[in-house]
């Protein structure tokens, strides 16, 4: 029976889920785990505040428990909403895209820059980077000033993202960029080409690490003997 | 044509390379990159000092340049010897097992413990963890007191590793362990079962991240437009 | 009309709320704000996991919005559940007892020790201390091994708390202690006398700071001109 | 008999003491401690260097010992001169306004900006913030370029303070400001309105915390049993 | 005319000054600066508290100004009392032995241990190490439990120092030790031999750096053009 | 027999060695150690990449072993190539100029700025500063954009260095500068005069510390008893 990674988009936008789903294509390997993307119907159109993030934790954990047959879960929102609750809700691996995107960026540069959506997201992300103990590696976190829905419009979004990327590179000293929204996935290559820095797409980073976790089974013996 | 990840064991021990090779099995996926393990003939029997680590940089970089057809490289020694030189020597991704093992551990616990080989390795690893900006997440680094060759003897090695693992858990507050030598790979499951903490095998962690890098091509556009 | 600080106990234990209420007595000043303590009916009997903490955010924010006539709010659980959501839910000051307890401890010693309830709480608190950027000042976080309900039994709880306090002082180098549960309030004086270190009761610390915020009105002009 | 908090202005400017005294008004509660402000006659007109700060320690400690009937002491200079000496000189609580102002700012924003007086004060304050272990939360420390005496002239001072506040907000990423001189107290509201960030007046922050300490008696049992 | 480094012992113990003076012998080079050691008559018999340290600042700065013909000054007390005031009092280089002892230790090991005199000194030293931004390199700070005067008795002092040194090495992971009192100088070699770790004598470390400063004249052009 | 400090320039440029040799003049004291400067024939013309730095480790260690009669060694390249290997290769003290230059800068200012050669050097130096645990004291690292060879042309180099120095002072908040290349030594005084900040020449800083190590013999007893 095939293993399956469930990628949950905690906002209710099917368009964002489609963007994520397309970004998964290179990671769908013949002998590897299936990768299924799912929209959290109960989520808001976009997660743009702490309240938005906290509000999806309950339905997200419910969804995870309802899909206990999956081999691993990825929470596809850069606030990593409910990540530590979800890890209590299931014995399967759960990975967050902010966590994995940032950790992966550390293999691509010395100081990472975060291309975020709205100014209001910045303090929330600074708290999270600090909780990870990684403030020292953060070059800066600069918002493009567009909400999740507005990101869909490439004419509006891409030029702003490039401007922010250059700012992170030139004024903040970033040598690698992380996209701080799952809905930015389709701009990754264009941004990398324009700014000439490696750009990390965090859902791809998280699913990569999930593939390893599914195949290797780390932690399961620790849990089994603990129970 | 199939993609290939080249895992270079920088010590000259074919036994260690076999251990690594067996650990790669779960990551060999039908549609995924080939994973080839190679012994650095010019390496010492084990890398147990800074001089050992520095001495393999030249042959390691030469080997990498001689295998430019590989899609990515993994340096399979927990000192990550020559990692940054190797990244200058090739335009392909190069990952170190210390780097990837530690970053992966951060998704499995709040404070990681390092099970290292000899007391003399500890300051070298502390410098490296500090250079990564991760000292705050390190619970402790405790040596088992055995060299690379002695690790092969399970009767001697495993009980010592379990003792060190329990010490890291109980006296240092670690909630995840990282094996600090590629030659410890076959003890991973037994250590996890005995200590009841997740245990990260770093070559598996690095090859997992390498699979993603090979499939996703990050950074290549940055490099192309820069040249 | 008199100002009022609403202290919300996010667990459903009326006994814990009574403990908190008694601890408020010295802070009830003739000309100062009223201090009202309220039990969150929807809360669990004790908040002992990340899921417990996350699950109370929605009813907690609802309660805060239903009491908009209060001048300030204190969330009386050492996980500071929903602190940043609550700050988005109201324009009035909201303070968390972990935050204020720890900050106040910094005026009483150079390295603070946390007397926490269960081993499972420690990683959650380490993340929070790190998010505050204060890991460097933390001496240690040691659990007494009792749940919220068991804390009510002084014969069981106080000796364990004293043992943990001495351990934090002697083995971890703490020179001030913080109680990591609102339900420990009535043991503060006895613990201080036994361990001979200052002991911070965090709800008292938070309500003290709330009195200042109510009287001084900081931030209100910033919010008014922003809207 | 009523409790009394003694606020000592360590510079000799009666005008600054009056400014502080007015700022205390909202914290004078019918049933709460009296708040008395005192000018240190032996102090310099303004504390603008390390030598100024160190020179007041002896008379300040003498003054504190001469007022042993007070219930708590606040040192009302942002260099916190003699804070740790004073704590040795009396068994009563002693709080510094830099310490309390900065700790309080941490409840109002993620990164605090310091509005300081002269360029020469900046390294002194950076050392102090580092000693508190809080460098990670500091957005920046920018001087207005005016000495303590010149601060009295609102036409000169306020526009400079607003300019510095905007600079801290826009170029340094501060989301809360701290006034780094007790003599700036009367500009707090205007600065907050102009810059639209919460602004902390540090003597008010310290006296707030002193009210709690007076009412709660923390640490006194630790001291009693130690002697 | 010959250059002269003035080493000021801020306590009034002539015995400690003699100990320092003997420790200077290897640094007295035919063509190098003279090294003169001076007892601060106004100092206490030993500096064992923050008040002791703060109390010597005024006479120390006066002494420095009275010896303006010296080419550099070293403050020979591990509290570095008045270091930053003294730098404002003279345009000549002023170095502190704590500062220079600790910085020098960083070239001899990865984690330094501090052998201090009394338990009460530890928080003061932790604040100083933090102000230097070096907490991450500190293995531990352990007191021998003897005051400055008691240190003179080798039978009492040396065994305690060796015990503390072994504790710092084995339980705290120190790989280099720093003596935290100028009066410990004559025990350096015996401690190093017993504990088998390099031991830094901080007055020697500071005078070494002072020799460089005297010969090289750094900073004098910066000061000249600034005035 | 006279003691001798051997300063090894790991690049093959005799011109750079001459620059270093002239900078040593003030440190050549009648009764002090001889200071001899040597060019590493096997080195590249300039060390401008990680590969350049790693490639000189083997010949550098060989050279050190061939000069075992020297009393101490200084590696005169700001990448401190092979510093930790060299310390394993000889029982004599080995100091790096980056290490000593940065540590010495900490006695001259609160935040140091690094005047480096090429943009590609910056991440390498950031890793090193982080490994030293000193990121918090770093104001910034700004390249002049000239390679080692181009530095010889004062008309090209000095104005660029002054521009970078002013940038570090005004935009990054540096109050002391460190020259990040041994070949910049002859510009030290002019840069200090133009920027009005103390400027550290790192080979002079390292040789100063080496003089102390030679005279004091620290660590030799630790080594003797360990063997």
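Order of writing sets the chain letters: A, B, C, D, E and F. Residues in each chain are counted from 1.
Rule of thumb we're sticking to: contacts are C-beta pairs under 8 Å (C-beta built on N, C-alpha and C of every residue); 3 or more make two chains touch, one makes a residue touch a chain.
Predicted model only: the values in this text are computed from it and were never measured.
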item	value
Lowest number of touching-chain links that must be crossed from chain C to chain F	2
Lowest number of touching-chain links that must be crossed from chain C to chain D	1
Interface sides of chain A and chain F: same vs different residues, half threshold	different
Furthest chain, CA centroid comparison against chain C	F
Where chain B and chain C are represented by their mean Cα positions, the distance between them in whole Å	42
Centroid spacing, where centroids are CA-atom means, of chain D and chain E in whole angstrom	32
CA centroid of chain E to CA centroid of chain F, Å	25
Shared interface positions of chain F, touching two or more other chains	127, 130, 132-133, 135-136
Pairwise touch network: line, ring, star, complete, or other	other
Chains touching one another, given as label pairs in label order	A-B, A-C, A-D, A-F, B-C, B-E, B-F, C-D, C-E, D-E, D-F, E-F
In the complex with chain B, residue positions of chain F that touch it	49-51, 54-55, 57-58, 61, 82, 84-85, 87-89, 124, 127-128, 130-133, 135
Interface residues, chain B side, partner chain A - complex	26-27, 29-32, 95, 99-100, 103-104, 106-108, 132-134, 136-137, 188-189, 192-193, 195-201, 204-205, 207-209, 211-212, 215-219, 221-222, 224-226
Residues of chain C touching chain B in the complex	122-123, 126-127, 130, 135
Partner chain F, residues of chain A touching it in the complex	109-111, 136, 173, 175
